[in-house]
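Have a look at this one.
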Amino acid sequence: MTSTETRTEAADALTGEIIVCQDVEKWYGDFQALRGITTTVREGEVVVVFGPSGSGKSTFLRCLNRLEEHDAGRIVIDGIELNDDLRNLEKVRSEVGMVFQQFNLFPHLTVLRNIALAPQKVRRMPRRDAEALGRELLERVGIPEQADKFPGQLSGGQQQRVAIARALAMRPKIMLFDEPTSALDPEMIKEVLDVMHNLAESGMTMIVVTHEMGFAREVADRFLFFDEGLIVEEGTPEHFFTDAREGRTKLFLSQIL
Amino acid sequence: MRTSLLWRYSVLAVAMVGLLGLACEDNGDGEGSGKLQAVIDRGELRCGVNDGVPGFGFLEPDGSFSGFDVDFCRAVAAAVLGDAEAVEYIPLSAGARFDALVQDEIDVLIRNTTWTAERDGAQGAAFTLTTFYDGQGMMVRSESGITSIDDMEGITVCVLRGTTTEGNLEDRFALGGISYTPLAFEDLDTLEAAFREERCDGWTSDQSQLAARRSSYPAEAGGPDSLTVLSEVFSKEPLGPAVRDGDDEWFDVVNWVVIGMIQADELGVGSDNVEEQISEPSSIDVARLLGVPWEGGEDLPDFALGVDRTFMQEVLRQVGNYDEVYERNIVPLGIPREGTLNASWREGGILYAPPMR
Amino acid sequence: MSTIAIPGRAPGFWHRRRTRRLAIQAAFGVLVALILLYLLERALGLQLGFEFLRSRAGFAISHQWATDFSANNSRLDAYLTGVWNTVRLVVVGLLLATFLGVLAGVSRLSSNWLVAKIALVYVEVFRNTPLLIQIIFWYTAVFLRLPPTREGIQLFDLVFLSNRALVIPWAFPQDGIGVWLIVLAGAAVAAWAVRRWRIADEERTGQPGRGNTMAVTLFVLLAAVSYALTDQPLDLEVPTVNPPVNGSFRGMGGGLQVSPEFAGLLVGLVMYTGAFIAEIVRGSIQALPRGQGEASQALGLGAYDRMTLIILPQALRIMIPPLTNQYLNLTKNSSLAVAIAYPELFFVGGTIQNNAGHAVPMFLLIMATYLVLSGVTATAMNVLNRRVQVVGNN
Amino acid sequence: MAAAARVVAARRPWHVRARRWARANLFSSGWNTLLTAVTLAVGGYITFALLRFVLVSADWGVIEANRRLIFLGRFPQGEEWRVWPPLWAFLLLAGASYGLWGRLRPRDAVVFVLSSAFLYAFMVEGANALLLGIGLALAIGTWAASDALVRGSRYEELAKRITVGGWALLVPFLLFMLAGFGGVRSSLWGGLLLNVVVATVAMEAALVLGVLFALGRASSLPLVSRVSALYIEVIRGAPLIAWIFIGWFVLPAFLPPILGLQDIGLVLRAMLIFSFFEGAYIAEIVRGGLQSVPRGQVEAAHAVGLGAVRTMTLIVLPQALRNVIPALVGQLITLWKDTSLVAIIALTDAVGAAQAAIAQREFIGRQAEVLLFVAFLFWTVAFVMSRLSQQLERALGVGQR
């Protein structure tokens, strides 16, 4: 994996760069959430994003699959530029899976239907195939027996695993995780992290917003530290744990570790 | 700040009860004493009237009431309380009037109300001498070419609901085997609006009401001449004041105020000459009417009607006699008194006052 | 009861919770009973009993539907005519108000600024103005002011507008209707089968099945062909103006005639209730967690699928209880017909009471009727509610 | 998203900004462009027709001639002064409250000012202009004083208490001014004044009754709960107009013949009917609020040693009421609008006055003007109430746990 890279120039059109961000800015009213984010992610890379709350981590993630529109700069995902073109939007969304802090499962559909819905409707997959895929993914996240229950009947950890399976069902090239474990009870965090660990090992490109630093250190190729809408510091896990340069980074790390 | 909610609610509840008591006007009728005493104690007459028939009972923009019926309210108040203005007018819909009367909402109902057996009996009203003899008629637009009820096959007729006219209408059309659609309204204003917009072809009501409405029919809509009241009168509608059954004393007072006004007309006593007639009555009948001695003699026997024997003096001073009331309210509608049933019996009408002696 | 000695004394009789509860309830019960007894005692002095409803009505009723009432029928028949008039008004009103309300509610969330603002203005204006004024306005300032019959507005010889009647073409059943209806039932079954088949096919292949489109097309096609073959089972009537008699017009013939009274009341009720329903629809959609929409977006579901598969099924669940309340309100508000001349049950009941007295039994009957109407509506909505509830939802 | 676009665009020239905004909000797709065109045509026509009517073709003389009737009904001539002190008190309290708590959004303020100006134009004649001017001056004065001087000072809490007390006493004060010291009989109260009096009295009474019946229905005592439920269902089962007719026709026969109770006037009966009717609806709303309070709250209250009554009044009820403020205010707005129904019985409220004005010969065919004006009067009050409710919700953080 390409974990030794410390810094990539956005202008470099190296092969394998699946996400390119250049000077991305985002405003909420008078508040600027992103102040010129420039970074790239290579295929198969696992990037962990962390930083204090309100630093723009989630906004960054949400801009990547256009849940939020960025106001300035460019974002290119797998060669597709994110702009007003609706066709681009559809393409990007089917390539980028997202897992939310609050799971966001559909409460009126069974677990299996939650997973099979998008492949059927968006990928035009036959129902039988979609449901077979769903069962396979449930097996993979370790809860095959829950297929016919409703989300409300599952524990938080199980729900988040269903949410991961749901995102995987679209066979995305990139997975975005927005604090996937922060709404969970401690004993459930591990079961979700295990699933994510396996996913990372299978070579999936992942961007993960998390403060589970143990997990991050194990799986991440690269860390991004966000503060006040900027990437303050960027580097390998080892760099952060041994040799963090910025004062803000050190302070924050000392608070969460 | 955070006092107990229960405490605050209790205070509020007590305050509300107190306020209801304050707002509740003191109009309790004393037990045992009749309506007459109750009215005197209250110092005001509650009179059920119409507020939408010009000439009979009408609410003016300034909030005052005017009309023939309203003048009889004023006359009763003048007789009982000495002040024609001591009246609280309660506008009533046709449907609500008898309940208001029977439930003591009002002291007297003077609202172009027809005297019928059912109302006298089952509905618990008692009618005094008739003040206005009327009959049900039908008004149509002149341009419609309708000249009689029998021409009216298939038309729509506007009528007030819950009135005798609604039933008479059905009876008349059933008699002629004529099919029609009745459109029944709760209030006269909406009815007239509908008629004006040609929602219906005929408008049936008491002839006086039709004439009243016709006379003031707005020029914008064609004016009075664009309407024709058909000559056929298909019911008898004697209109007069009504009081609640079972209080003879009160009934007598109202009845004799009406009679007194007709009598005064017959005797030629009115608001213009009442003062001189009081000091020097022109006949013994005038003396009896006004409750003054005849040619300086002893007092005439009291009628013992429950009100002062001079009650007609105030009535005539403040309101006038029957003819004055008629001239003031009905003639402007285009219904002269001569030649109608409401002329005096001496002039071919049927208005006839029992003797006051 | 117990044989084990308990330290201290058992609570005295008066201090037991059970006793207290019984005492409070007994006191309350006595109070309620006293009030009821008092009311009963007062009621005994009034005219009770319903015999008066058997007498001849003696008045005619302008609007009739599903009844054949004349003044010679009993007062009870008159009342039932009024009940049917209410039912007709309420059924049509519920359908239209729901349609308008959903339209306006969804419009309020539209990304089109103009549409959203117009929906907002509609809701704010009609929700915050007394219904009585609205009804009087629609009747006296709009429908009565349409031109009279002789100057009526005629659109393409199909629709006729006058202040006597709004007439639209309408199909009336003829003798051959029975056969055609059977064919229609068959067509419906066929359409249903086709839809099932298309859905199964869609699930099998993943390709869009277009089940609804095909089913509707098939049904319409079958209906049209069988209509042609069965010798016109419906007679489509277009409005005609009856010839004038003595120079005055005698109303309209043909088509479906809607009186201005009915129209005024209906439009008033629909516009008013629609504004409330719009707020319910908007609120229910907005009440869904934002994540639901985002998750479906992130999965790449299109706007239509998102609305029909994710948002609406969940919003419906929140919507139904307040919607039921609005339906009940519309039913009860139909009684404002007394302000204009539409003879629904409250109006006719009032006329009977004017003629006959007997206020207490008459009003009891009116209340009971409304309770039954409300009960039917509420029960239907409860059944619907139970069907859309989500299992294990928390 | 629109907000974000606005800020970015703020750095661009206005026409670019406008174009961007229009593209995002009006013409984002072909379908949206069509929708915009159709809506613009229909909405534009309606707006144009309405404006033309209001400004050109309408004859507002009918309102001018009937101003007194619409606002006061048959209130006796020469007694109008009784109305002014309560109105002043109201304006004074409104000004103070706005100064102490309020943050009216600019858009609301515009609507408010425009409506006031419109009303002013129609209400004002002769001495009224001065009297109303005094009221407005009071409102602005207390607002400015409380906003600039009191807010943030150590007297703020005291001022708030006084203001709350003032609001509580306003309705009693109004009734006292109308009926006290040889005042005007309730049967002569009319016009909008009547709507206001019936609505305010019934609002307070209905809130009290509603809370009582809600507590009754939520009671663990089966008899109490069943009787309360029965009351609520029966009242809600029939239309308000039916209950008003019952108050009019049937109620007197059931009132006990003591204390002159049988003789209570129509206005009082209307207040009674409205209180009991709306009380049943409010009871249902409050019951919903009671159910929304988590069980943990009760348990926590018991745990710190509060008894059942105190748990209810100090812990559960305040939270329950707070949670249902939107629904409660909605019901109060309904009550306000429903007071127009008294026009169907014999009372001359604003709507009754409107009907009387429509009937006047010289104003034939002016029904649209009269009805629109009266509708506007009702609308203004209801609109202000709904906006206040939104402010209250924000201030109390309803919906935020």
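Residue numbering begins at 1 within each chain, and the chains themselves are lettered A, B, C and D in the order written.
In this text, a residue touches a chain if its C-beta (ideal position, glycine included) is under 8 Å from a C-beta of that chain, and two chains touch if they have at least 3 such contacts.
None of these values were measured; they are calculated from a predicted model.
Peer 1: Which chains are shared contacts of subunit B and subunit D?
Peer 2: C
Peer 1: Farthest from subunit B in C-alpha centre terms, which chain would that be?
Peer 2: Following the centroid criterion, the farthest chain would be A.
Peer 1: Would you mind telling me which chain pair, B-C or C-D, is linked by more contacting C-beta pairs?
Peer 2: When C-D is set beside B-C, the one with more contacts is C-D.
Peer 1: On a C-alpha centroid basis, what's the spacing between subunit B and subunit C, in Å?
Peer 2: A distance of 43 Å separates the two centres.
Peer 1: Distance between subunit C and subunit D based on Cα centroids, please, to the nearest Å.
Peer 2: The separation of the two C-alpha centroids amounts to 27 Å.
Peer 1: Averaging over Cα atoms per chain, report the distance between subunit A and subunit B in Å.
Peer 2: The separation of the two C-alpha centroids amounts to 86 Å.
Peer 1: When the centre of a chain is set as the mean of its C-alpha atoms, what distance in Å lies between subunit A and subunit D?
Peer 2: 50
Peer 1: Give me the residue numbers in subunit D that touch at least two other chains, ranges are fine.
Peer 2: Answer for subunit D, listing residues that touch two or more other chains: 249, 253, 344, 355, 358, 367.
Peer 1: Give me the residue numbers in subunit C that touch at least two other chains, ranges are fine.
Peer 2: Subunit C, residues with two or more chain partners: 136, 140, 338-339, 350, 353, 359.
Peer 1: Going by the contact rule already set, what residues in subunit B reach two or more other chains?
Peer 2: 99, 186, 190, 193
Peer 1: Give the list of subunit B residues in touch with subunit C in this complex.
Peer 2: That would be residues 94-95, 98-99, 122-123, 141, 143-146, 151, 153-156, 161-162, 166-167, 170, 174, 180-186, 190, 193-194, 197-199, 201 of subunit B.
Peer 1: Note which residues of subunit C are touching subunit D in the complex, please.
Peer 2: Spelled out, the residues of subunit C in touch with subunit D are 21, 24-25, 28-29, 32, 38-39, 42-43, 45-46, 110-115, 118, 124-125, 127-134, 136-137, 140-141, 328, 332-336, 338-339, 346, 350, 353, 359-360, 363, 366-367, 370-371, 374.
Peer 1: Where on subunit D is subunit C touching in the complex?
Peer 2: 25-26, 28, 32, 35-36, 39-40, 43, 220-224, 227, 234, 236-242, 245-246, 249-250, 253-254, 256, 333, 337-338, 340-341, 343-344, 351, 354-355, 358, 367-368, 371-372, 374-375, 378-379, 382-383, 386
Peer 1: In the complex formed with subunit B, which residues of subunit D make contact?
Peer 2: 65-66, 68-69, 72-75, 77, 157, 161, 168, 171-172, 175-176, 178-180, 185-188, 190, 201, 204-205, 208, 211, 248-249, 252-253, 259-260, 262-268, 271, 309-310, 313-314, 317-318, 344-346, 348, 355-361, 364-365, 367
Peer 1: Could you list, by residue number, the parts of subunit C that touch subunit B in their complex?
Peer 2: 58-62, 71, 136, 139-140, 144-145, 148-149, 163-164, 242, 245-248, 250-251, 260-261, 338-341, 343, 347, 350-351, 353-355, 357, 359
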